[in-house]
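One chain, chain A, appears in both complexes that follow, with chain B as partner in the first and chain C in the second.
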Partner chain A sequence: MGEALSLLPWIGVVWLFGIGLYGIVTSRHFVHLTGCLAAIQSSSYLLLLAIGYRYGAVAPIFYDKKPGTQAVDPVVQALVLTDVVIGATVSALLLALILQLHKHAGTVDPQAMRPMGRAGVADGRQRRGGRVG
Partner chain B sequence: MNSVFADPAAWPICIVAGLLTLAGVLLAGAKIVPTLLSDIVTLAATAIAGGMAAVLAMRIGDHPALYWMGGWTPRQGQAIGIAFLADRAGAGATAFAGLMFTVAIWFARGHFAGARNHFHVLMLLFLASQCGFFFAHDLFDMFVWFEMMSVAGFALTGYALRSPSLDGALNFTILNTIGAYLILMGIALAYARANALDFSAVRAIAQGQPDDPLLIAAFVLITTGFLTKAAQVPFHFWLPDAHAVAPSPVSAIFSGIMVSVGLFGVARMVWEVFAPCPVVRHLVHVGLMSLGCGSAVMGAVMALMQRHVKRMLAFSTVSHVGVALIGVGLLGQQGLGGSLLYLAGHGLIKAVLFMIAGIMLSTLGGIDEIGLRGAGRPIWPAGIVMGACALVLAGIPIGPLDAGAQMMDAQARSSGLHGLTLVIGFAGALTGGAVLRVTGRVFFNLGPTSGEEDAAPTDDEREHANRPFAAQLVPVLALLAVWVLFGIVFASGAEDFALAAARDMTLDADFFPRRGLPHVTPVLPWLPALIAMAIASADLNRHHIPDAVYGAFAGASRPAFRMLQAIHDGVIGEYVLWMMAGLVFLAGIAILGC
Partner chain C sequence: MNAVDVSSREAQATIARRASVLRGAFAALAVALVVAAWPVMRAMPQFGAHPLIYGDRVNAIGPAERHITNMVSAINFDIRGLDTLGEEFMLLCTVTGGTILLRGGRGEDRRAQPGCVRGRANHRPPDSLRLLCRMLAPLTMVFGLYLAINAVLTPGGGFQGGVVIASALLLIYLAEGYAGWRDALGGEFFDAMEGLGAALYALCGFAAMGLGRPYLAVFLPLGSLKSTFSGGSMLIVNLGVTLAVAGGFATLLIEFMEETRALNPGDDADG
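Entry: the complex of A and B
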């Protein structure tokens, strides 16, 4: 039982990473893609929390506990908290970029992206016919 | 206060905190501080930061020092605090970053009129987090600085708010964020084994359990993340899309220093933390060197096929950083020192080239090589600078780029790898040839017939600079002067410093002995530059080549070229799959090496 339970978070990590990755690869909408990125992010948090977990231990708050009581590792929790902040920044920035993209290009489909923008390739073709050819 | 300045170990935190505070103040006063004042203050701050780091590198000498934040020194052998490491590698890199930022911000004056001072705030944040990264001596601390730097970079890429730059910024953000989470997972695995995040503490555990699979997995994940930032094949796909569309001063920073930050991270991880693991050394020697070779070759071929000048320069960055990655993979002090010197030399030249591209954008109103044919004649001085830089890029035997290449080559020969000169020469000849072709076509009206580059993506972007051409050229010339200073006047000093920085970074370990520089015939070092000139003149005189000869050559190479163009199609999903393939490749080498 304990073995299976300690394996569970690891399966969760792989699962979350896998569906996040699948979502990003197949995504047709940038907001959906941002959500998938958050799933990958969550898999790293789950991994960190699983690493710091101790069976039968209390939360690492010693307000009403005797010093020396077995507690879960507070370091990984601090890491997760720090990274939640970074993740929120990245998500906010992504959503702002997507909003601007919607305003300027009228589409938010990642599959429609081409280097130098969608217009760039067609423009190049035109120019080739016009000036060089 | 006096004691802070007396103790050089405390300088890194002063540099980082000072830059961060200034960024905060400028942001708070965004509505009231005039742009000219923010220009002056930002320039002064970046110059002072770089200068302080340079003095620190001299003062710290052979005695790298740790600074424990808040006085949390290790208790009973347990590192519970977070430390900054002041050594010549970190301080030297910071000094270089300070120089690059100062020149880039100087060049950017007038490029962002009406945007208030948010550009300055982002640049200061960018520099501060880079400095933090260079000095970090703690896995998670390093990761946080890395992410801060990335976020500033993402925002700067999309600064122009045009559809292509937003696409590039999204691409950049998504791929690099996935890379960052891989780093975080790697750090988690390292922490699971070592119960510590300080470099020395993790290294001590690695020494005790050199074959631990958890540590090896941690290294694979962390390296994948850093290689994504360093834009190595197959993690490089975001770079040409982002560098090509970012504002030119920002592209100069990206290629000049940000990409090198990824490589610096890999080197730090290899030497300061994971070097005791034999599997990691095998992985670095085999895996990273093959990725470096792949990047050097593919970046060079792709560069030759571009018509969008900034995109071409971006691919050339992939190629040259690939060469530097080989230097890291050589696992010797001389190779690492050569790699650092090569990166510095490349950064200077590539920043100059991106600034010239910026001048083209603002004065000629475009960046398309074919569309601008002959348009550059009125600003021929820029063309001369660009041609000279192309020759340096190709590897003429002068300056830090070549000195670094020679150091790496000497190290490679001592490990029995004699082919490195070929890879370096190939990368130099093709990228140098590509830039020479642009110079000839845009500034000297050559090359009426275009070839394979015709099919490459392009854009009708333009930038607005409300300053005359001469004023824009001054920072470019200043950066070239620095190159001359380090390349010719202080050449041996720069070489010694790079070796000393490598010695600090490797903690004085050396897995392969050093050897003297090889004696070669006087013609050989000029060969890549001669080939570059040959490539450029063949491309520019295509109308003189008989159709049968050209047709046969183009017909033979077209399928490969088309395939390479096709995989760089800007679709994020495919780029992510390539990235995972790279991760599997590295993991496979690690498993086979066990």
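Entry: the complex of A and C
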């Protein structure tokens, strides 16, 4: 039981990463895809915080506690802070790209985007007819 | 542009077929991921009961050597100060990139006219919402300042405080509507704030070098433990981060909000 509980944070990390990846793979809307990317990123927050956790320890803030009290790891917490900031800015940049895409192409469906230099979805009929894209 | 029409039944069938292939590939990948992750998870250190060597060192030297009580700030603004400078410039780059992307499609001017998408009604916000937001916006702003100012003492810091300050600006938008919001915020103010904040951070590092210390080393008097003015030049660095984050997010908010403005005759539509 104790061991299963000890595995729980890591299982949560893998699960968050997995559902985020599933969302990206099957996404039909770029804003949804950006949200899925945020879910993947949350798995890294959970991983870092779980690594730095310590049973019975306090937060690494010694304003109301004596310095020297057993505290959790502040290094990973600072990393998570960086992670959150970068995640927010990356989302903003992606959303700006999506807005531009919507303006230029009139769609935000990843499936409707033609892969560069190759035939896209609408050419599937022709490809089945023997034409190589 | 590279978009293709996917409304036809043929295209939908292709997409459905492709989606089932993708789901199959994902299922295989997920199984492989679980198989690969299992030994890694088993080999992970015991959760909550393994030595935290670096963390304990930081927790020991933060209060003793730097006279501050928030260890996360000690790491961000002192021990990993250079990394935070990099993060700061990543923020600057993304804000610049987002602004360029948005302005590229809209033209560069920003004006205080209500945004209106064609075909969408532009109602005045209800009075209850305006009252609530007018009360909440200053409180949120003060809370953001509190978080930013007490960076070295209690949970918070320039990043958190800056984001809370920027969200107070959104509340002002909800209360005042677009025109009032733009009147209140002014034009280029937040651009300058963002750039100057990042510059303040970088220059603070050079000031330390001018005193013959390493880049970004703490130089001013450290003050006493639990005092607002403890931590020396960490306070300047924190101020730079606050300015840059609040300015950067405010700039992004303005640029995104400008997207709702209908194009005027003479505006360059696609830059």
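Note that in this section the second predicted complex is superposed on the first by the 113 of 133 C-alpha atoms of A that agree within 3 Å, B and C clash if a C-alpha of one lies under 4 Å from a C-alpha of the other, contacts with A are read in each partner's own complex, and residues count from 1 in each chain.
Definition applied: contacts are C-beta pairs under 8 Å (C-beta built on N, C-alpha and C of every residue); 3 or more make two chains touch, one makes a residue touch a chain.
All values derive from a computational prediction rather than experimental measurement.
In the superposed pair of complexes, A:L37 makes contact with chain B only, with no contact to chain C.
Once the two complexes are laid over each other on the shared chain, residue contacts for A:T26 go to chain B and to chain C alike. Touch criterion met: A:T89 reaches chain B and chain C at once. More residues of chain A are in touch with C than with the other of chain B and chain C.
Once the two complexes are overlaid on the shared chain, A:L97 sits against chain B and chain C alike. Contacts of A:Q111 after superposition on the shared chain: both chain B and chain C are touched. When the two complexes are overlaid on their common chain A, residue A:G68 makes contact with chain C while staying clear of chain B.
Shared contact residues on chain A (touching chain B in one structure, chain C in the other): 21, 25-26, 51, 75-76, 82, 86, 89-90, 93, 97, 100, 104-105, 111, 113-114, 116, 120-121, 123-124. Every residue of chain B that touches chain A in the complex is listed here, in rising order: 140, 144, 147-148, 151, 154-155, 158, 161-164, 166-167, 169-171, 173-174, 177-178, 180-181, 184-185, 187-189, 191-192, 197, 240-241, 244-245, 307-308, 311, 368, 370-371, 448-450, 454, 456-460, 568-574, 576-577, 580. Within the complex, the chain A residues that touch chain C are 5-11, 14, 17-18, 21-22, 25-26, 50-55, 59-63, 67-68, 71-78, 81-82, 84-86, 88-90, 92-93, 95-97, 99-100, 103-107, 109, 111-114, 116, 120-125. Contacts from chain A toward chain B in the complex involve residues 21, 24-27, 30, 33, 37, 40-41, 43-44, 47-48, 51, 75-76, 79, 82-83, 86, 89-90, 93-94, 97-98, 100-101, 104-105, 110-111, 113-121, 123-124, 127-128, 131-132. Across the complex, chain A is touched by residues 1-6, 8, 10-11, 13-15, 18-19, 22-23, 25-26, 29-30, 33-34, 37, 40-42, 44-49, 52, 54-55, 58-60, 62-64, 69-72, 74-76, 80, 83-84, 87, 90-91, 94-95, 97-98, 101-102, 104-105, 153-155, 157, 159-160, 163, 225-226, 245, 248-249, 252, 255-256, 259, 270 of chain C.
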